[in-house]
Each structure stands twice: as structure tokens, then as C-alpha cells.
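Next come two complexes built around chain A: one with chain B, the other with chain C.
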Partner chain A sequence: MQKIEEMEIQSSSDVVLVRQAVRQFAIELGFGLVDQTKIVTAASELARNTLDYGGGGTVTLETLQNGGRRGLRLTFEDQGPGIPDIELALKDGFTSGGGLGMGLGGAKRLANEFEIESVVGEGTRIIIVRWK
Partner chain B sequence: MERIPILQMGEFLLVTIQVDMHDRLAMTLQDDLTNRISQTSANGVLIDISALDIVDSFIGRILGNIAKISQVMDAETVVVGMQPAVAITLVELGMSLTGIRTALNVEKGMALLQATVGSSANAQFTATEWDLEDDAED
Partner chain C sequence: MADLGNTVVWTDEGKCPMEMTHSSKIPEILKTHEAELLSEWNQELVATNTRKGLIKEAELQVECREFLKLLRIAAQSGNLSNIQASEWREVREMLTSISRSRSHKGFTPTETATFIFSFKRPLFDRLRQLLHDPTEIGDEIWQATDLLDRLGLMAVEAYQKSREEVILRQQEEMMELSTPVVKLWDGILALPIIGTLDSARTQVVMESLLQKIVETGSEVAIIDITGVPTVDTLTAQHLLKTVTAARLMGADCIISGIRPQIAQTIVYLGIDLTDVTTKATLADAFLMALKRKGTTITRK
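Let's turn to the complex of A and B:
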């Protein structure tokens, strides 16, 4: 049975709640501890970016079933300023906000699938999938 | 306001991070720890992260900042108790712990601090820098 949940990301305590919800979904899907940790860490990075750079937004958590495979898809969306140069933003060490610049590239490495769409002045949507 | 307790153990301070730390709490910890190091003239800080089920770039930055602040105040930092799944994930995230001292548990961390600061009072420890490296080869 598919499960979907949408959550607001408007404060740093929302980021904590997102981490907890992602953990719960991953446990229900039967992910092992390392897989849980990877998807929760990726979610934490993307949720924080949504808050800090996107000015807040939402995340949608969805369980996936593909034949015998089960997975978790997370879609982060904001109506913030967008990312002018996605390739640059993905580079490790690039930050426009005094971070380490590891979040976006790191989240991509921690996921099995990664999609990013961003339009300057309109917002950003990032989708990650991790399969069991 | 919620705070992370800082315990004094002889000449060392012990911080056990037990909650799912949100940003403000992490910043408060940095300030509190700075004050406690100067009040107590502690020469070592143990940060127990065994209860943390993830370490992301934000927490990584906080740990790195604490290590740097401590170093400036002449105290060593050792991060103890990182869960194996967290360590594996951290490598894939691309954050290398090169330069920050880690130990398996509080006892081993204490022993490490004692060996470092105990042996010679003014020996300068040089490797507390939190290096970030590109581990992104895949």
C-alpha cells in the first residue's frame, strides 16, 4: 500500500520533524540501519536548504513499489529565489551562505536517484529516491 | 530555554548530545561551551555523540567550530561514540573527519585526552583542524 505525506518546512524544528518522519517511513519500508541513516541525512541537508535558501517550503514523502523493490521518494519544493547555476551549486565546497557547501552534492551521493529543477525567481524542486 | 548540559570531570568537560539537536540549540551549545572552558580553565572537551542517529553538514560544522574554539582556548576536543552507520554515511556525504580526534567511547576519549594534555602541560597539539575533503569519487 502506498503511503504519502506532505510536511511544511518553515522552521528549524520542522527540519527535525522531517528527519523523524523520513526515519519512520524508512523503518516501515524495512530499510536497514545504514540505508535509513543515508536517506535521513540526505533529507536533513535538503530540508535545511529549503529553509535557509528557499525561504521555506514543503517536502512530500512517498513510498514506492516497483516490482519486488520498495523505495522512498522525497520531493522538496520551495518558491524561493531559485538556483542560478545548478552545476556550481552541486560542487562540493560551493556555498552562498557560509555553510560547508556539502549538502547538495552530499544528498545526491546518498540517494540512488536525484533530480533537480530550479527556475530563478520561481523556486526549486529536488527529488531524491532511495531503494531498499 | 532548552540547553545541552555540560558536565565537569576533573580538568575535562563532558558534553553528551542526547537530543535531536536543532539549530538554535547547537548554536547555544557553542556559546555555553566557550564560557565553560574559560570559567573552568578546562584543558579538554569530550563530546559524546553516541545518541546522535545522524550527523549532517550542519552538525559537522558545529563540531568543527567547537574544536576550533577549544583549540584557541588551549583545550583539546575529542568526539566520542559515533555510531558506525553515522560514520559510513558521513564518508559518503563527503565530510572527512581528518583532523578531528575521535574515540570509540568516553573512557577511550578520556584516556586519549589524558595522554595528550597530561603528558606535558604546554605541549601544543596541532592536528585539531577540521579538514573537509572531497571524498566524492563516485
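Let's turn to the complex of A and C:
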């Protein structure tokens, strides 16, 4: 059965709720412990970026079915300032906010699929998929 | 029966159906038949109240009376379709407070909405009795249903919201639970962390560790993260900062309790922990700390 849920990301307790929801979805999809941890950690990074740099936004959690394969797609959206140089933002160590600058690149490595769309002045949408 | 959705009803004043609400008889009926409506609604509620233990009949009566009064006043504005308008403010506030108290008392959402929905029968009965034209009865019942459905949904939403607030509060309380710094041995401290490491609490916890290092003059501090569900870049940054600060104060940190799945994730994230001493378990970390202090444990 397909499942879809949209959540607000407006505070750091929302980030905690997002992680919990992602873990719940992953468990329901039968993800193993390592896959669960990977997608939850990626979600944590992207949710916090949405909050800190995007000024808040939403995440949509969706279960996927492709033949026999099951997966989880997470779509993070915000109407924030956007990312002027995506390649630079993805670079390990680049941060504009005093972080480690590993979040975006880390989330990409933790996911099986990674898509990023960002328009300066309009916002950012990041989609990740992790297959079981 | 006329198809209400498509029937255009021209009222006496020749107004179009969009403004039909202005000529609704409901406000009038609420005013002239308030007493009967109240007593019938009350009977209805008492009959459906399966949770006598949760709310007293007297309390229910007061709620009904107050609510009906506010409903009557709001309805006099002639606006029966937009309950977000200012004339409905007091109704909304009372409904919200009733729903919250229902949620705290342990009622179900259905029981909460029933407070509103059980007013349908008394009101519909009245409309059927007092009006004669079937089309008019149909229209009025439609308006009444529409209004009460909106109020019912609002009750459920308020109920839901208050539930969420409770959950959030509990969650925050849990996050704020203080993590004690414990002394394992002379000169060896341990900080077992349970919960999330990216809240405001983290700063407090880390500071209390540094403080304790100074107070006790400890040389080794073990930070155990067995109870931390997710280690991401922010968590790692907090840990690394603490390790660095401790080092500046002359103490070595050992991070223990990095579970296999967390270790793998850290590698993918690209976080460099090579400068940090890590051990699989708190016991391993403790042994290592003892060894550093030149203490060994032997079996007798």
C-alpha cells in the first residue's frame, strides 16, 4: 500500500519529528538497521538545512514500489533564498553558516538517488530516494 | 426533492442564492426557540453520553447553555457560512476550549464532535415544524448542516491540536532531562547521553561535562552515545567541539557506544573522527582510561 505524508519543518523539534517519521516509514518498508540509519541521517541533514537556510519549509514522505523493489522518497521544499552555486554547496567543507559543511554532500552519499533544484530568491527543492 | 445544489432560489428581496444566508430563518429560530432547543440538545447529549464518569451532567448543561447563547448571538449577524469571520470569534474560542478539555479528559475525537453534531436533530426538527415550503426546509437544513459540520470539524481540529501539544511538550521534557556526569574512577568521568544531540540541551550537557572536568581535575572523560539514535553533522560537530575544549583543559575524551550502523553512516557523511579516540562500548573505554592512568585490573 502506498503511503504519503507531508510534514512542516518550522522548528528544531520538527526536525526531531521528521527523523522519527522517516524511521517509522523505513521500518514499515522493512528497511534493515543500516538503511534506516542512512535515510534518517540524510533526512536530518536536509531537514535542518531547510530550517536553517531555507527559513522553514516542508518534507513529503512517500513510499515507492518499483516491481519488487520498495523505496522511500523524501522531498524537502522551502521558499527561502535558494542556493546560488549548487556545486559549491555540495562540496565537502563548504558552509555559509558555521557548520561542518558536510550535510548536503553527506545526504547525497547516503541516498541512492539525489536531485536538487534551487532558484535564487524563490526556494529550494531536494529529493532523495533510498531503495531497500 | 429539488436538487439543492443546482436550484436557484430567489428570495422575496430578489437576492441571488449567494446571499441567501441573509434571509435564513435559523437566526430567528435560535432566538425564539432557544429554551426548547437547549433542553432537547441536552437530552440528546445525555442520551449519547456513554462516559458519565468523565463529565458531569451539570457541567454538560452549562456548556450547552453557554454555547447555544454564543451561537445565537453569532447567527444574528446573518453570516452562517464563514465561521472564520469575526462575529464567530467567541463561538470559536468556546468550542476550542471545550474540545481541549475533552481531549484532556480522555474523550475520543468522535465523542468530542458529537457535542456539535447532536445539535442537528433538535434544530432540524424545529425547522421542519416551523417552516412549510419543502424547498425552504431543504435549503435551511442544508445551511444548518453546513454550519454544524464546520463547527464539528473545528472541534476535532482543536482536539487534535491539543493532543499534539501534549506530545510536543512531553518530547521537550524528555529532551531536557538532564544528563548526569558520573565519576567512574578517580580522574575518570563518564557522560552517558540518551536522546537527541541537536537540541538546545546539547550545549548545556557539554558545558556541564567541561565544568565537571575542571572541578574534579579529571584526565579522562568518556562520552557514551549508545543512547543517541542519530548522529549527523550537527551532532558530530557538538562532539568534536567538546573533545577539543576538553583537550585544551588537559583532559582526553573517549567516545564510546558508536553502533555499527552509526559507524557506517558517519563514514558516508564524511565526518573525520580520526583525531578522536573511539571505543565500541563504555566498558572498553573504561578499561582504556584505566590503562592510561596506569591502573590495571586483575582477576583474583
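Quick note on the criterion: the second predicted complex is superposed on the first by the 132 of 132 C-alpha atoms of A that agree within 3 Å, B and C clash if a C-alpha of one lies under 4 Å from a C-alpha of the other, contacts with A are read in each partner's own complex, and residues count from 1 in each chain.
Going forward, contacts are C-beta pairs under 8 Å (C-beta built on N, C-alpha and C of every residue); 3 or more make two chains touch, one makes a residue touch a chain.
Computed from a predicted structure; not experimentally measured.
Look at A:116: by the touch rule set out above, it reaches neither chain B nor chain C. In the superposed pair of complexes, A:127 makes contact with neither chain B nor chain C.
In the superposition on chain A, contact of A:72 is made with neither chain B nor chain C. Once chain A of one complex is fitted onto chain A of the other, the partner contacts of A:26 are absent, as it touches neither chain B nor chain C.
Legend: residue contacts after superposition of the two complexes on their common chain; A:18 is shown touching neither chain B nor chain C. In the superposed pair of complexes, A:38 makes contact with chain B and with chain C alike. Contacts of chain A with chain B, set against its contacts with chain C after fitting on chain A, overlap at residues 12-13, 15-16, 19, 23, 33-34, 36-38, 40-41, 44-45, 48, 92, 99-100, 102-103, 105-106, 109-110.
Note for the complex: chain B touches chain A at residues 20, 22-24, 53-58, 60-61, 83, 85-86, 88-89, 92-95, 132, 134, 136, 138.
Those residues of chain A lying in contact with chain B across their complex are 12-13, 15-16, 19-20, 23, 33-34, 36-38, 40-41, 44-45, 48, 92-93, 99-100, 102-103, 105-106, 109-110.
Chain A meets chain C in the complex at residues 12-13, 15-17, 19, 23, 33-34, 36-38, 40-41, 44-45, 48, 92, 99-100, 102-103, 105-106, 109-110. Within the complex formed with chain A, the chain C residues making contact are 168, 171-172, 175, 196, 198-200, 229-234, 236-237, 260-262, 264-265, 268-271.
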